[in-house]
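Chain IDs A, B and C follow the sequence of writing; residue 1 opens each chain.
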Amino acid sequence: MTPSAQDLLVVEALAKRFTLHLHGGADLPVVANVDFRVGRGECVVLGGPSGAGKSSILKIVYGNYGCDAGRILLADGGRVLDIAGAHPHEVILARRRTMGYVSQFLRVIPRVSSLDIVAAAARDAGLGAAEAKARAAALLQRLNLPERLWSLPPATFSGGEQQRVNIARGFAGEHALLILDEPTASLDAGNREAVIALIGERRAQGAGFLAIFHDDDVRARLADRIVDVSRFAPREAA
Amino acid sequence: MSERAYNFAYLDEQTKRMIRRAILKAVAIPGYQVPFASREMPMPYGWGTGGVQVTAAILGPDDVLKVIDQGADDTTNAVSIRAFFARTADVATTTDTREATIIQTRHRVPETSLTENQILVYQVPIPEPLRFLEPRETETRTMHALAEYGVMHVKLYEDISRHGHIATAYAYPARVAGRYIMDPSPIPKFDNPKLDNCPALQLFGAGREKRIYAVPPYTKVVSLDFEDHPFERTKFEAACEFCGARDSYLDEVVTDDRGGRMFVCSDTDYCEKRQAAQSRKAAE
Amino acid sequence: MSAPLLVARGLGKRFGAVTACRDIGFELEEGEALAIVGESGSGKTTLLHMIAGLMTPDSGEVRYRLRDGAMRDLATLSEAERRALMRTDWGFVHQDAARGLRMNVSAGGNIGERLMALGDRHYGRIRQSAAQWLERVEIPIGRLDDSPATYSGGMRQRLQIARNLVTAPRLVFMDEPTGGLDVSVQARLLDLIRTLISEMGLAVVLVTHDLSVARLLSNRILVMKQGEVIESGLTDRVLDDPRAPYTQLLVSSVLAA
């Protein structure tokens, strides 16, 4: 598969296994022969039973997990970058400019206020300090995070509040490709709507999404295509 | 006393040659501290052995020697050192600055301007201006070699932050010929401007620390300062009680136990000359 | 892409029969933070000292891109050039702040020293710069004239950082910058370091035995054991998906609070 002009991401022949050296070298295959693509303005959802490797695929695409075979072709700036073989430096740049990631849970850094967490992501995307703060405030507002929480570090927030900070951070940049791992799992209906609207807006602007949605309704409303990852279950050697 | 128990000016000729070589190097590199093999002298360290060795090395039978201590010819140390050279060199001595060809001094520069025929020899306790902030000799040598003098201004910065002004009142650091920074010995900063462009050769001897340095005649000597805290000469509010001088460095003398005090010139020769001139004028 | 900021190749060092470092190489770009992690005896501190020009390698070379764009082999720098680099374009944050500070000089004097070394001769401006930096590292401005001997450990470390950053260096070396500090003090300090790295676009080479510090501050990591690089790559990749047996051991050994 060669990437077309409309492709943001082309994954081909991807394979991943864990080797647990601490358990006597136990071998844990995760996925094999993963093939799919994500185009501009498209929301591609990974579906399938839990434990099938959906989350792992997202992490491999982002470079958070390594892979054992295959290619992860990202349209980064004017060129195509294979995340699978890229130098760490290039992945760092790609994450800053092109590819964003929203995890399922916020990884909490002590003492940084929620506004600063989001503003920092905006600054990484190149915004000045004042602009970044303004954008951060706008996003938190959009996601209905009460203003009194903006100056507080999220460590003591509820799961839903933390996740909204996490989402705001993910959307604070101008990434062409956003990877979302169950972003709405801990949110109530109202906040889910806010996230759906946010995603819809970005998609209309040409951003692409690679996502896992736990909620059937959300999935139905956002997915342009669903890729069933049970297709990629590793086959045991004969 | 039997004749010639000592070599001329006490030191043997080889030692004098060694010291003169050090002096030549010092003159060739103004402000640079030249190590020399300081000898055991018949006075303890801290009593001017460096100055005495320099004087002994350059003294000739036709020289006229003046020795002052804090500006005075008649204090114990000045008297002792003058007597030392009178005995070991049989050289003419004087208290008159204008008559002297070599002036050895502790902690003052004479008020009377010096001439090209004169050499001023300073007694130096600690030659290293960086020592107070950097105790390692290896490091200070490297700093001088690379002209890394930022730390000197740190010292002045500290003064201003603590006292509101540069509080260093003596041994005020100065840059020589735009290159090396030297400690001019514990002369009051009042005297620093006299080192600049001086017609006389200025030699500095530190016996205990074993260093000699020099400021050749007509060399630029600039005291360190900040743009917004420029070097200022000390001003006295009084005049000399004896001669009325307003432009010389004054010593404060306590006269009674009720807080009475008077100010007199520290340079005794300068003061006496002025007094003599005034009585002559009065007699006319 | 512009040339890398720092290139290390084939670095090796032996102390008698002990090989402290064997054939270590990496490239560092501007604005990248590299953590070198390992346990005691891994050679990480030796490696840091070789990269910072504080120790001569037995083999290999380290090249650095000066501000004028020229790529220089550190071994060919004169003493004067190396010291000038240390004062301007580089910073070194020691684990023990007292080693990186003048303890008998006020905080203002400590921060202002680099400026004065570079020829700044205006007391008022120097003091103002020092005051601004004191605020930036969150030390109360009233402590400007105090000596760091009167500071707490965390404050000394922050002062050391200010002293290093006042000349906007492009590369900062850090040796266990939070070692020995109380946990809450560490958290605040790591925060500050993280913010400054981001705001100033600093490149950092950081030695630590603490994986959480590595995760927080760095985007790339080298895992060392007995003088060799066991695994390297993106920090989050190496810590979340460790491949080498030793790395897996290291990662699994971290106790969660």
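Going forward, contacts are C-beta pairs under 8 Å (C-beta built on N, C-alpha and C of every residue); 3 or more make two chains touch, one makes a residue touch a chain.
Just so we're clear, the structure is a prediction, and the values are computed from it rather than from any experiment.
Undergrad: Chain adjacency by touch: line, ring, star, complete or other shape?
TA: If you draw each chain as a dot and join those that touch, you get an open line.
Undergrad: By CA centroids, point me to the most central chain in this structure.
TA: C
Undergrad: Would you kindly tell me how far, in whole Å, the mean C-alpha position of chain C lies from that of chain B?
TA: Centre separation, chain B to chain C: 47 Å.
Undergrad: Please work out the Cα centroid separation of chain A and chain C, and write it as a whole number of Å.
TA: About 31 Å, centre to centre.
Undergrad: Distance from the CA centroid of chain A to that of chain B, rounded to the nearest Å?
TA: Distance between chain centres: 76 Å.
Undergrad: Would you give the residues of chain A that are in contact with at least 2 other chains, written as numbers and ranges?
TA: none
Undergrad: Any idea which chain C residues touch chain A in the complex?
TA: Spelled out, the residues of chain C in touch with chain A are 27, 29, 32, 187-188, 191, 194, 198-199, 216, 219-220, 232-234, 236-237, 240-241, 243-245, 248-249, 252.
Undergrad: Using the touch rule from the top, collect the residues of chain C that touch chain B in their complex.
TA: 79-80, 83, 87, 102, 104-106, 108-109, 112-114, 116-118, 121-124, 126-127, 144-145
Undergrad: Can you list the residues on chain B that touch chain C in the complex?
TA: Against chain C, the touching part of chain B is residues 133, 142, 146, 148-151, 153-154, 157-158, 160-162, 225-229.
Undergrad: How about chain A: which of its residues touch chain C in the complex?
TA: For this pair, the touching residues of chain A are 18-22, 59, 63-66, 88-89, 91-92, 109-112, 120, 123-124.
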